[in-house]
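Single-structure report; data block below.
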Amino acid sequence: MILLLALAFSISAKDTPDDGGGSITVNVYNIPEGTARIELSRLEKGDMLYKEAGLIPIFKGECDDASVVDGIGYLYRGKAIAKDTFYIAEMEGFVTSSPQWFNKSRITVLIFLILFGSVVLTYIQLAKKNPEGLFIRKLPALDAIDEAVGRSTEMGKPVLFVPGLEGITDAGTLASLTILEMVGKKVAEYGSRVIHPNFDPIVMTTAQETLKTAFAEAGRPDAFNKDDVFYLTYEQFGFAAGVDGIMLRERPGAIFLQGYFYAESLILAETGYSIGAIQIAGTNATTQLPFFVAACDYVLLGEEMFAASAYISREPRLLGSIKGSDLAKVVLLFMIGAGVIFGTIAGIAKQGGNPTYMQIFNKMLEFLAKGAK
Amino acid sequence: MRRRLPVIIAFGIGFAMLIQYFIPHPRSEEFYNVIVQQWFIIIYAFMYIFALRSFFMHHITKVKKKKEGYIFSAVAMVSVLFMLLSGLITSRGPFFDSLYNYMIAPLQGTMFSLLAFFIASAAFRAFRARNVQATLLLVTATIVMIGRVPIGDYLWRGMPDLVEWIMTVPSMAAMRGIRIGVGLGAVATAMKIMLGIERSYMGGE
Amino acid sequence: MGFWQRFLQLDRKWIFLGIAIVVIIPLIKPIGLPIKPTKPVIDLFTYIDTLGPESGPVMVVTGFDPSTMPELMPMEQALLRHCLTKGIPVISFGGLYPAYIGMAKMAIDEVSADFPDKKYGEDYVFLGFIPGVSAVILSIGIDIATTFGNDYYGTPIDSLPMLRGVKNYSDISLVVDVSGTSTPEYWLMYAQERYGVNIGVACTAVSAPAYYAFLQSGQFVGMMGGMKGAAEYEELMARKGYPTGRRNATIGMDSQSLAHLLIILLIILGNAGYFIVRRGERRRGIIRRKR
Amino acid sequence: MSISTSIWVWMAALLTLMVYSFLYKDNPFYRLAEHIFMGLSLGYTLTILWYNYIIPRVYEPLFLPPHQWSLIFPILLGIMTFGIFSKKYSWLIKYPLAFYVGGYAGLRIPLLLQSWIIRQVEASFLTPDKFTSLMSSINAILIFAGLFATLIYFYFSKKREHGFGAAAQVGIVFIMVAFGAAFGYTVMARISLLIGRMQFLIHDWLGIM
């Protein structure tokens, strides 16, 4: 075997950027043909001998040596072993590793965080000053709610409102309480009853308050019966069986399934359909949405539930995040659209022999994917 | 002052955990580990004691007042203590593992498998192609269900590829849009909590 | 129209009975519906089939608990059986989280019972759980002996004859992650990207679509998705005349197929009745105000 | 026909049958099984909490040398949750709650932004290498259109008229296909679990087949 100092095969090392220190990135260049393995060895400042330091994957030509100590100088040597010969690459200056105080690869997240944060906050301030000023389109579901409660009271049947299985801190439960307020007002106007079985005691007491104010605002404070809002049980399928019993006994004309549901959603929706009631569901539990869409007359899909409660309550905090998210969606769509158009032009230009656009486009993509590591 | 201090705490620790993400320095790594692996877990453990208390209070009152189904409450409480003691005494020995493998695991699996029955009955009694949306959903579901079993390959050779296309093109596109929407909502909510705008989790204003 | 109305109000208990029968019968008397292996499973099977007693060991990583056992246990057992039949040295790794060790032990015990001639320590090895998740994957790349110290039964790694020449990933011919969670992505990031070792994946039907992208880009050598993937692997084993033991996945597949067909039938019948009843009502002037 | 002789297998089989009795109707056997399940799983979680968290993270660092006295502060904060037991000091629980919920909110913001938003946007970029074949170009354009229409569907700041309404209609088509696929997979997963339970009863318990 002849020791051939290949000029082409070279090695370089630098402190790994954007890390907590203790790591040096080693790169090898123009790896000779037919190389089977590249062995890496390291010399610590003050030592005499190179020690073995693992392998460099051939297909990447780069690896991070994470077993170094900050502040100590190191020299690296790469040995590319081909079928019968091997090539050596060495470095001149020592390299030391050090930690960084800011991770430059996560700038994209920081920029988006600052932009989106300020947008949401400004909308909340705007909403505080003038709640009616911020436009949110009227969701068709709100008309369906009017129609359902109307038909149910025409037939002299009560309305059933099931709030889901989550506690008061769940976004879906909070939205369901706002929708309950609107349903409560409608029911009070029509002089009918709303039955509200509960899985969580705190949600129950809040629902009683909500309905009491709703009936009062509709001018019928006496019509509200506190016992219509009651605690049923805390067992998942026991709750479903209990609510089924109420459906079969009370035969409500309209059923609302609003909140965060689990696997029991199916039992509720099925029995509700079998007694011929109009069912309006709404949930932020994406796993249950397919079943509700198949079994109910109307479904508020995830975000639509929050938009509906923002529309009803005009509550500044809710309006702020809905409007903020909407603006962010527009910005994202423009970004993706512009990226796609630029990407296709760069692709065509590249075919036409002018790769510069392509490099710019890859740079942009790389900037976005930075934080991925 | 009593009302403002919790909001300041929430902002302080929230902001610290936020900027920690951008600082790779070992000091920030240590801060992250101490907070997440000690402070959060200790508070979580104490809150668990609080949840435990309401669990036992609920069942004890039911037993004391001989309310309907109080025997089951007694059974639930005995089960908690039985599992806890067997875990502590045998320090998670084979008896404790058997309790998990032959009681908890089968019960959990059976509970989840109940849904197979409910889906079947809802399929017949409630899943209606009442509008374009529900029809699209039921047709796609049928294709996926057929494509994912061997019979699908024999009905039509291209069936598995069709299912794969449904999963990697239309379904992925919609899931990506839904995920962006849900993500934006979740970030907005987390920001409101950190900045003290959203305080409902602390039990009302 | 009375029949259809009564038909639609069929008590749900009959439907429950229907599902139970459709699932139970094939388990007692398997029908043996034909199974046609697909490309991802064939790729995984052929890659392992090309290995032999002299090639580097295959590492089977357990990553599931009782809730995903019906889909994933048959996969792990098929992989272990395939390696032991071909004499390929196999390392069963008990997993990146403590919850999986019970499943790993159950799999290796049941399969090794069918191979009395294979000796522990020479033909197969069982490594226990080590905390650290991604740190564990990385340190296997440096040195297996220092990472684990000793195997599940407490015997030191370097006293196991099979692992004598095996230092790290460069000596391992394939890692197959049998997982119900997203751990295959960790193996791609920390094992393949960093050390270039080949990775195969065996996952639940739900997470299979997410891994198609990695399959097409060649990062995964092959993939078994859901109980259908396991049944296909068992079919490939049988076609090569390898002993398959009780083909749990294939038997399960019969029940799965019949259950799916029943549910599709129920949807069609339910909707047929619905439209007939509605047309009847419309003709008799009782128009339910339906959007 | 070799019925299992292990008391454990019989226990698991009985509990399985008790849960399935709910399919007939909600009955005492089902409620007994459910309460056993609730109690055992709560006890199991407490044991795991004790061995994997409280002992290695709280007890040992505090009471064994080298004593980490700084742990006193999180423990004090934790003790404040007991304030809820008395009407007078119920406001005390606000502090640990604020620390925990506020801290996690701050921690989740960059992670959510990275994986739920930036990663999805980056993946939606149509790089020329996606246009290798005719089929992959059509797919790439379809994916882009689907994403576009889905986001329009969940856009609430504009009335749904003419062009805007049409885009929302296209959006709901993609969403319903995605829900149909999710529906199919959920059915498959639940039936696999049912098969697993039935195999246990028939094979492991009754020993048939």
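In order of appearance the chains are A, B, C and D, and numbering begins at 1 in each one.
As a working rule, a residue touches a chain if its C-beta (ideal position, glycine included) is under 8 Å from a C-beta of that chain, and two chains touch if they have at least 3 such contacts.
Because the structure is predicted, anything quoted here is derived from the model rather than measured.
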Larger contact count among A-C and A-D belongs to A-D
Quick one: point me to the chain whose Cα centre is farthest from that of chain D. C
Need the CA-centroid distance for the pair chain A / chain C, whole Å please. 28
Just how far, in Å, is the C-alpha centre of chain D from the one of chain A? 14
List the centre-to-centre spacing of chain A and chain B in whole Å, with centres computed as mean CA coordinates. 15
Using Cα averages as centroids, what's the distance between chain B and chain C in whole Å? 23
Would you pick out the residues of chain D that each touch at least 2 other chains? 22-23, 31, 34, 38, 109-110, 113, 117, 121, 124, 144, 147-148, 151, 154, 175-176, 179-180, 182-183, 185-188, 191, 193-194, 196
Chain C residues counted as touching two or more neighbouring chains: 12, 16, 19-20, 67, 69, 205, 226, 256, 259-260, 263, 291
So which stretches of chain A touch two or more other chains? 106, 109, 113, 116, 237, 270, 274, 286, 290-291, 293-294, 297, 302-303, 329, 332
Classify the inter-chain contact topology: is it line, ring, star, complete, or other? complete
Footprint of chain D on chain A - complex, ascending: 106, 108-109, 112-113, 116, 135-137, 139, 235, 237-238, 241, 286-287, 289-291, 293-294, 301-304, 307, 322-323, 326-327, 329-330, 332-333, 335-337, 339-340, 343-344, 346-347, 350, 358, 361, 365, 368-369, 371-372
Contacts from chain D onto chain B in the complex sit at residues 8-9, 11-12, 15-16, 19-20, 22-23, 28, 31-47, 49-51, 53-54, 57-58, 61, 71, 73-75, 77-79, 81-82, 84-85, 91, 93-113, 116-117, 120-121, 123-124, 139, 142-151, 153-154, 171-188, 190-191, 193-194, 196-197, 200
For chain A, which residues are in contact with chain C within the complex? 37, 54-55, 57-60, 63, 151, 270, 274, 297
Chain D residues touching chain C - in the complex, by the definition given at the top: 23-24, 52, 185, 187-189, 191-196, 198-199, 202-203, 208-209
List the residues on chain B that touch chain C in their complex, please. 97, 100-101, 105-106, 108-109, 112, 116-117, 119-121, 123-131, 138, 142, 145-146, 148-151, 153-154, 160, 164, 167-168, 171-172
